[in-house]
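For reference, chains read A, B, C and D in written order, and residue numbers begin at 1 within each chain.
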């Protein structure tokens, strides 16, 4: 699939939570503009792997290099800029409950320093993309599970990120909505984004031919490589 | 499927959130010891319907009678006892983050007034049933999405409820775990519990022959009836 | 049952250490303020009592009244309300006193051939009688006797002083009230903030079938424990300050007529009860709002 | 840029009304306590100054000293440190005064054939000189002059009084310090509690790429706004109390020599700045901990 420059390089990475080893000796490269599934049963370490990439958790051992930056050695004041490379669809949504849907998404753009009218336009367009433009002024707790997930997706793509990390992006969605979201991610991929999706939805994986990385109990069990 | 006495009777029920109508004119009976799927796309009103049953939200219009109690007229001090009829698997887990897994589950039994050593035994057994006995002393935020879901399931069944309400119980689970959980719910059903599962997982619905109630935009679109 | 609630309350204190520590700190500081002020007022009240025991009237007897009549008068006066005791001062004693007082103008007295001073009574006023007006009324009453020539009272500074002591007393009461109420509300509001941050937890408990009582009791117990802990800590801090202060004051320059003392144990107990009440109140206000929903 | 942060701070105040209201209430109450005490101390200090302006020495001149020498002495004394002014009292004036003072013992003076009193100087002490010892030293210094017969000073009550005023002064300083620190820490801890309840929100902001500055600024602005609002409200409440108090005191019985005044504007401004500082401090402590993670 085209471009072969690795945007993410993972070298012998371990992640331990106390005595618990969530990831053990993971080594792999992900190229720019790749489309990757990370699979594995519950507790395999999928979410943990994604967290390490955007510095959601510190790395216990090993090195990860993202877009030329070594995450083990990165300076505190560079971290926000690293994080802005990513658009993350969090498994637990992570929406701010007392800000409206609009404010939640606008926040990402404000952080990146965008202008006011540009923000208004952009928020409108991503909400339209996930079919939630009519709930702009709702607060997250007043949305259904699937609706919250859509807002999280809208927030993740609002900043036109280089890399999209999607953690179980369709877990709370019905078949039709899930299909819409996957199409959206494919469009963004076609426009040049690297897309990494953690999921255990076998059907979802079957629906798109893409590289698959399978984890189990923190170990890398299988990597189909770019296809 | 055997017993035909309705344990839940819903008469012309409406639920409105401000100007938004989440449920419109729902009328249906659910018999004791039935196994029911509530299906429908995201935002259809599945969660809302379950919430009305356990008084998670007030009913806007109409009547619901659960085990002989009219929810519209129930007295404040009877509500806790109504709620103890139900074991609820919440869509968003609703675990208390600064209590351990053990404490979270034990809470339900303490509330019901059980004895200390009975609580210890029971918590151990439900955690074993969902395969999480080794994480008894972990705090919920340190669990993966699927693990949290399993804890929620364990909590829901700990009190041996008459009625189990499961809101998307397998959304974060891999195929194998999901199968285990469904088997668990079927065993509880066979032992005499009424089971109501809200889900949009078509595969799950196909896997078990049961009554299906389909909602869409708050309207009752289809009810296959007991089979 | 109560034991179970106590256990749950303690477990919860363990589960939210930062939250509860901050709450106890705020309570302790509030108690510190109130008890500091109580210490001050208490000692000032003592001081004022010492001063006021110095208020007296001088009753000048008309010349030539026989001693028996004077004694009847003394008896009458000593039964008037507000009078602590009455002492007879003969004209000889008065002159001797005057001579002693006028050390620089002694020649003035030495030049006298007969004692020009009258007999007099010294009437000591009960310190409980605080209003200048009452003292005045007493004086007029005594003056109305046909035996009495004149009544002298109220060195000017003392008169001014009584007024000022009344301001002090009044402001102390006002301030105690303000400080106490403020402290109670600070504590109550702090506990409300803690409560607010835990409202999700309570909602969950309610959804899984907890009764209001089951939700409330551990909160109340916590409120009481935090109030007691904060109160105790506040008083201990004040005591430390007090010891430091005592050792840094030049005691000799200050402590002629009275010594500085720490607030009495009874007041400490009252303070701790009040801070427990405030803790409970904070819970009560927050819970009532929550449980109404 | 700053404007954007201000907007975000205000938006957030709108989004968490209960939280911020409770915070402002706690700040207002803390300020109320401190400013009540300041009001009290301020008026007491004024009162003490009024009293102290009454401290003076009487310098008795040896008999037969010519006026010219006395004038030189007066000049010398008036240049000594702590002396406010010096007034000459002739023996005639002294006797007239004595006669007036001794209204009951007048016969005593009427019986005199020559004035036995000496000439004297009245030396008024600067109220800034507060230590009794300093006054004593001054007296000894003056006494060493060959023109001076004796120096009289220190009516006993005033001496006792100076000691007591020093305790008052000392406790006022100690208490101000305690109250001020306690209030600052109450405010800071309250803001910490609010912060604690919002930590999830900040974590999310950080995860989506917010810089420390972006997270911090609105908090600081809020802390300052809340501090200012709380300070203002606290002072207004005190002012209302003050007006009520004034109207309920019997002014005539009290206000001979001085009038009760509200804390000066300068102090109000200081209070508000301090409460803003406390608001900022609370944010600073909490944020430093959070950002270190």
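In this section, contacts are C-beta pairs under 8 Å (C-beta built on N, C-alpha and C of every residue); 3 or more make two chains touch, one makes a residue touch a chain.
Everything quoted here is computed from the prediction, not taken from an experiment.
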If chain centres are mean C-alpha positions, then the most distant from chain D is chain B
The distance between the C-alpha centres of chain B and chain D, rounded to whole Å, is 67
So, in whole Å, the Cα centroid of chain A is separated from that of chain B by 30
The distance between the C-alpha centres of chain B and chain C, rounded to whole Å, is 62
So, in whole Å, the Cα centroid of chain A is separated from that of chain D by 62
Among line, ring, star, complete and other, the chain touch graph is ring
Chain pairs that touch, by label, are A-B, A-D, B-C, C-D
In the complex, the residues of chain B that touch chain C are 54, 56, 76-77, 80-81, 83-84, 88, 90, 94-96, 98-99, 103, 107-108, 110-112, 155, 159
In the complex, the residues of chain D that touch chain A are 4, 8, 11, 15-16, 201, 204-212, 214
Chain A contacts chain B in the complex at 17, 40-43, 46-48, 91-92, 142, 144-147, 149-150, 167-168, 171-177, 200, 202-203
Residue positions on chain D within touch of chain C in the complex are 18-19, 22-23, 25-26, 29-30, 32-33, 36-37, 40, 43-44, 47, 54, 60, 98, 104-105, 107-109, 111-113, 116-118, 132-133, 150, 152, 157, 160, 163-164, 166-168, 170-171, 174-175, 178-179, 182-183, 185-186, 189-190, 192-194, 196-197, 238, 241, 245, 249, 253-257, 260
